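The same subunit A turns up in both complexes below, where it pairs with subunit B and then with subunit C.
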Partner chain A sequence: MIPGGALMIFVIVVPILLGLYMSVLTLDQYTLRQWLSAPFAGPGNYIEAVTDSPLLKSFWISLSFAVLSTAAAVPLGIAAALATQNYFPGRAVMRSVFLIPFVMPSFVVATVWRTMFQPDGVIVNGLHSVGITSGLWLNGPNSYWTLVFVEVWASWPFIYLLALAGLQSVDHDVHEASALDGASWWPKLRYVIFPYLKGPVALACVIATLNHINNFALPFVLFGIPAPDDVQTLPILTYSTTFESFRFGLGAAMAFSSLMLLAIPLIIYVRAVKLDVDEGADK
Partner chain B sequence: MRRTNKRKDSMETKKTKFAALTSVLAITALVVTACSGSSVTSSPSVATNPSAVTSSSIATATPTPINGAGQTLTVLIGADGKYGAQQQQWFKDVSAAFQTQTGATVNFQTFASGSEELTKIQTSVVANQGPDIYVVGTTFTPTAYSTGAFVSLTPDDWNKVGGKDKFVPADLGISGPTDSDQVGIPYTSGPFVMAYNTDLLAKAGIDKPATTWDGLAAQAKQLTGNGVYGMAVGYKDGFDPWKFIWAMSRQAGNPIISGKVAKVDDPTTLKAYQTYFGWLTTDHVVDPASVGWNDGQALAAFASGKAAFFPMSTTSNIPTLKTSAVKDTYKFALMPVVPPGATALPAGGAGATSILAGNNVVVAKYSKNQDLAFALVKYLTDDANQQVLFNTFGTMPVNQTTFTAVTTSNPALGPILDSAASSVATPFSGAWADTQLALMNVVVQTIPDLSSGSVSTSKLQSLLTAAQKTAQASLDKAP
Partner chain C sequence: MTETTTERSYRAPTRRRGSRQAEVTRLLPNGILVVVLVVVCAFIAIPLIYVVLSSLNSDLGVARGEIIPSSWSLQNYADIWTTIGLGKGIANSLIVAGSAGVVSAAVALATAYVFVRFRFFGRVTIMRGLLVVQSVPGTLMVLPVFVVFASAGSYLGITVIGTLWGLFLTYLTFTLPFSTWVMVTYLRGLPKELEEAARIDGASNLMILLKIVLPLSWPGVMVSAIFAFLLGWNDVIFASVMTNSDTQTAAIALQVFGSTQQNGTLPLYGQMMAASLVCAAPVIALFLIFQRYLVSGLTSGAVKG
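Take a look at the complex of A and B:
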């Protein structure tokens, strides 16, 4: 208890408290050097973050992008897990190949896709060759869908991994029993297999959504700074405010506001899917 | 923001041997100077290098011998992506020479990106410890100044680095808010110029590039056709767009920031944006694909002979151009200095050929080795090392002696050197970083309209109003 508690205090609590303290200071390039004695701003940074900055818009962009990415990745991941569940020649290779997007660093993924999404890049030219004029993918409204697409491409193997782990836990007797009962593939999938996947996939959804929201490298490399308005996610806004405009206090307030805003749906969701281990154990 | 230094690296690889020779001579000069213990030395080694012989900086290399034995100076400097091996060798050469001179070693730390540079600077400022010397972009100097973390240079400090007189006067333009309140010591210069295709111009009967933006657009129209565009521009570049806007506005008499007042929504700036975007939407003199190009892609278009003009170029592009399809048919010229819509420089306008681009060095207040740091800065900015930097990395010298020697011996670089001498500094304000970002944001948010072929005045004005608000708010926060 004591080692764990001390670790938690130094690794989590202290940085959070320091960040919280920074968020109530007028901390910028003029006061950074003597930051402990920077003027106290009270709730000023929070008020500015909510009322006079794009924070709320960025919040919705991040949340919607994250939920959409997760929603799109789930069927892909489950389908891939089901496809590689039963043995066939080359299964090990296919399982490894599926993991490639997930193990590639975000900045590499973003760099490659940024090159392909250029106005005279392979994607635009490819679409044009089949009669589709696609417009810009790295600026304007399409940039949002570019972000979702690339995020899904890079992250679906995570869902796949956890779904595969769920499938491994299905008891062999269950397969035999459903076969003896004459269940066809869909009822078997729907009523036998999916219940086993519910826990792992729900956990994967929560983790994946949080990862999407916190993904800084992907939009940063794909779109640069300043980012197009449509893809100014929370991490990008916080970074830009903090490290480009040098509003360290405001940036900290934005980070904490984001944390609070995201905590609400997260807590509701976690409780709804009963990921609370203790609660589950009590039942 | 920052980062005028990202593209002012180098130029002529054919001079590598000469650079090595110069490097050896420079080090030899230092060794001899140090060994003699005298401030005035005319060693045989130095005498073999004409520029070194005429260098007042070498002659005053060690006004007060400094004993740095056992000490280490740390220098934070941008990694040179194009000349990485040469830079590593230069680090060793400088460290060896300085150790011989003072007994101190020099530890060079590099950063690969602006973000990394900012993070290191901010961390050091907060922790009150870190590198002794920082090499920062000229446009970042106001921000560095505003942190109060760097030494405000006294006359004595300037003497320690060889005196203000040894620098090209224009390069001191972004050292501080006033002549007597400065933190940045010029280190390298990287003025912007315009490359043009002599062959294409000759075929079109154009003898030289225009000196007005309107004239340039007219020439570009004349040159556009048969798969060739008049200009190569990177609208998606992270830095170039604001430089065009600033130059045109400044030429029209609008410095963007005047005292405590931001003037981003000034009609001159609106006109600058309209002109810049108009090259694509109304003049049709740039490739439509350039809405997604950065500076490198625009350079590639020019280098392949598909564009007649490549404005906002630096000497760092020379290695690319020298091995390109236009290797025998390109030249440099000054960018136009007459603002859009005018035929002559208006009253109050500045004939800005370029932003004052390059790098300054700043010395940290927390450094316990400030005298030693100034001694190193002196070495870095003395004639011998400035020659090495010019020959190895292509950076323009800030040392007046070196500048004169280079001007005399490199007539082909005339426009670049002219631009260096007539560059105009961006406003020295802690709010400049925010303002620069706001200017860039206008371009970023306009690109979809640009791509569709029309940028409405109302949308532009709306974006400029937002940018003005950002810039003014940042100015209001300045002490």
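Take a look at the complex of A and C:
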């Protein structure tokens, strides 16, 4: 049991502390091999990241991308949960199918959509045949919307799963009561069912937003490096600064700065989760 | 938190007792229900159908934006093994993600047991920390690890970057916290009484763990191992900086199809689509087989790499 804790510290805590130390070093491809003797830079990397790099722009791209993707997934997830809550023949199959986008590896999802969004690819041609002339999807300003769209495709079942869990907590009596009152379907949803979904869906939104902000594989595979300016999310910017420009110190500073964006959803998430046996027991 | 409720939703009896009951619990009118199902299914199915059809198409056909191949062929499925070495990539992925799965599940069982059954200073803080590190971006972890591994050559004279065991070590940075968290939520549900009885009989902590806790928690151990494996299989960021052409994983090999051009100017689109299916199939199969157990883990978040 002690070895378990030691391994955990070795592979998680140590790298984080080292990263923090590296963020105050002038660390590049010349000093990499002897990084322990790399010159000390103080807060220089952080100052450069904020004032003289696309960090702030990436900050907004990540934030808006994450919030938009979550917002678009919510109605989809709730609608899918409502539709599969009650029994119908084939419901079990449907529920499995709904999870496929979520369990498909991100790198496969991104590869397939990248092929579909090619210039002259199936999407551009399809839109053309119905009279819409679209520009490039993998470059230029449209790339941002491509990223949001694919992210929604890959992640909405997460909202669906937690919405389904919320629906399950609605007692049969509640259904009976609203049937007795003669509520038609929309008022019933709006005033009776949705309040039950608020908690689980809110939690789902927080976790989903965290995952969107951290998603590296999807934009990386979808657009490649260097990514178009409009999809340079924080992980992509950090990656290209570190492994394309070899500015390791600056990259580390960027990585730690981007924690600021994660902090708010993360605090909400950690507080919402039951940590203890005793807390969990009275559920 | 959410695990138990979701599990319940998947195990709940599926059939209502009669049509009157169905009418009472009805949420959507039939018309809207059908529309929702059709729209959602179409949304899911479009890329899936496309990738199957394109994997049977020629590179030129895919590049021209054909939906239905003008010439059908299974050749792509034969070629993917020789052109890029997808087989090697899949083997590497299986080795690295598989060992990460086994090791994290074993370590997670012991660590989670300590968290659940013992009271010690800082316990809740460390558990919070477990949740937090799951949300630490991969870019933050990969950077210091890369620097340390790269300098291992000059300081210690060993090569780590480009080796499978080096990649395996980096995978532990994200599989361990996740597996431990899965085990914590699982062990919390186990009754204490058996362990207490064993302790009265004079069993040591290790004995209790191996003879009492392990047999009771097999399902949890399996789930945490499978998830750790999937996280490793789906990883792109660590594999993209820690591997070379010999040790590349399936995720990296798949990217090579897009950048490889054979006899002309086109990437190997057809093969790339066939390889995509090959890379996704084991994951989806694994998931569908163990669906009932895995859904609870899915809701705790960290599956997407």
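As a convention for this text, the second predicted complex is superposed on the first by the 246 of 283 C-alpha atoms of A that agree within 3 Å, B and C clash if a C-alpha of one lies under 4 Å from a C-alpha of the other, contacts with A are read in each partner's own complex, and residues count from 1 in each chain.
Please note the rule applied: contacts are C-beta pairs under 8 Å (C-beta built on N, C-alpha and C of every residue); 3 or more make two chains touch, one makes a residue touch a chain.
None of these values were measured; they are calculated from a predicted model.
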### Query
Are subunit B and subunit C a fit on subunit A, or do they clash, once the structures share the same frame?
clash
### Query
Once the shared chain is lined up, is A:L32 touching subunit B (first), subunit C (second), both, or neither of them?
both
### Task
Mind telling me which of the two, subunit B or subunit C, contacts the most residues of subunit A?
C
### Message
A:T70 in the overlay: touching subunit B, subunit C, both, or neither? Say first, second, both or neither.
### Response
neither
### Message
Just to be sure I read the superposition right, which of the two partners does A:S58 touch: subunit B = first, subunit C = second, or both, or neither?
### Response
neither
### Task
Using the touch definition from the top, say if A:F243 reaches subunit B (first), subunit C (second), both or neither.
both
### Touching partner for A:G135 - first (subunit B), second (subunit C), both, neither
first
### Query
Of the partners subunit B and subunit C, which touch A:T209 in the superposed model: first, second, both, neither?
neither
### Task
Considering only touches as defined above, state whether A:L266 meets subunit B (first), subunit C (second), both or neither.
second
### Task
For A:D120, decide between first (touching subunit B), second (touching subunit C), both and neither.
both
### Query
Taking the superposition as given, does A:A227 touch the first partner, subunit B, the second, subunit C, both, or neither?
first
### Query
If you lay the two complexes on top of each other, which residues of subunit A touch subunit B in one and subunit C in the other?
32-33, 35, 118, 120-121, 243
### Query
Okay, in this complex, where on subunit C does subunit A touch?
1-2, 4-6, 8-9, 12, 14-16, 22-29, 32-33, 36-37, 40-41, 43-44, 47-48, 50-51, 54, 62-67, 107-108, 110-111, 113-114, 116, 124, 127-128, 131-133, 135-141, 143-148, 150-151, 153-155, 169, 172-173, 176-177, 180, 188, 205, 209, 230, 233-237, 240-241, 251, 254-255, 258, 269, 272-273, 276, 279-280, 283-284, 287-288, 291, 295, 298-299, 301-305
### Query
Can you name the residues of subunit A that touch subunit C in the complex?
1, 3-5, 7-8, 11-12, 15-16, 18-19, 22, 27, 32-36, 76, 79-80, 82-87, 91-92, 94, 96-109, 111-116, 118, 120-126, 153-155, 158, 161-162, 164-169, 172, 175-176, 179, 185, 188-189, 193, 200, 203, 207, 210-211, 213-217, 220-221, 234-235, 238-239, 242-243, 248, 251-252, 255-256, 258-259, 262, 266, 269-270, 272-277, 280, 283
### Query
Along subunit B, where are the residues that touch subunit A in the complex?
1, 115, 118-119, 122, 125-126, 128, 143, 146-149, 236, 238, 288-289, 291-292, 430, 433-434, 437, 440-441, 444-445, 447-448, 451, 474, 477-479
### Task
Could you please specify the touching residues of subunit A with respect to subunit B in the complex?
28-30, 32-33, 35, 118-121, 135-136, 138-141, 224-229, 240, 243-246
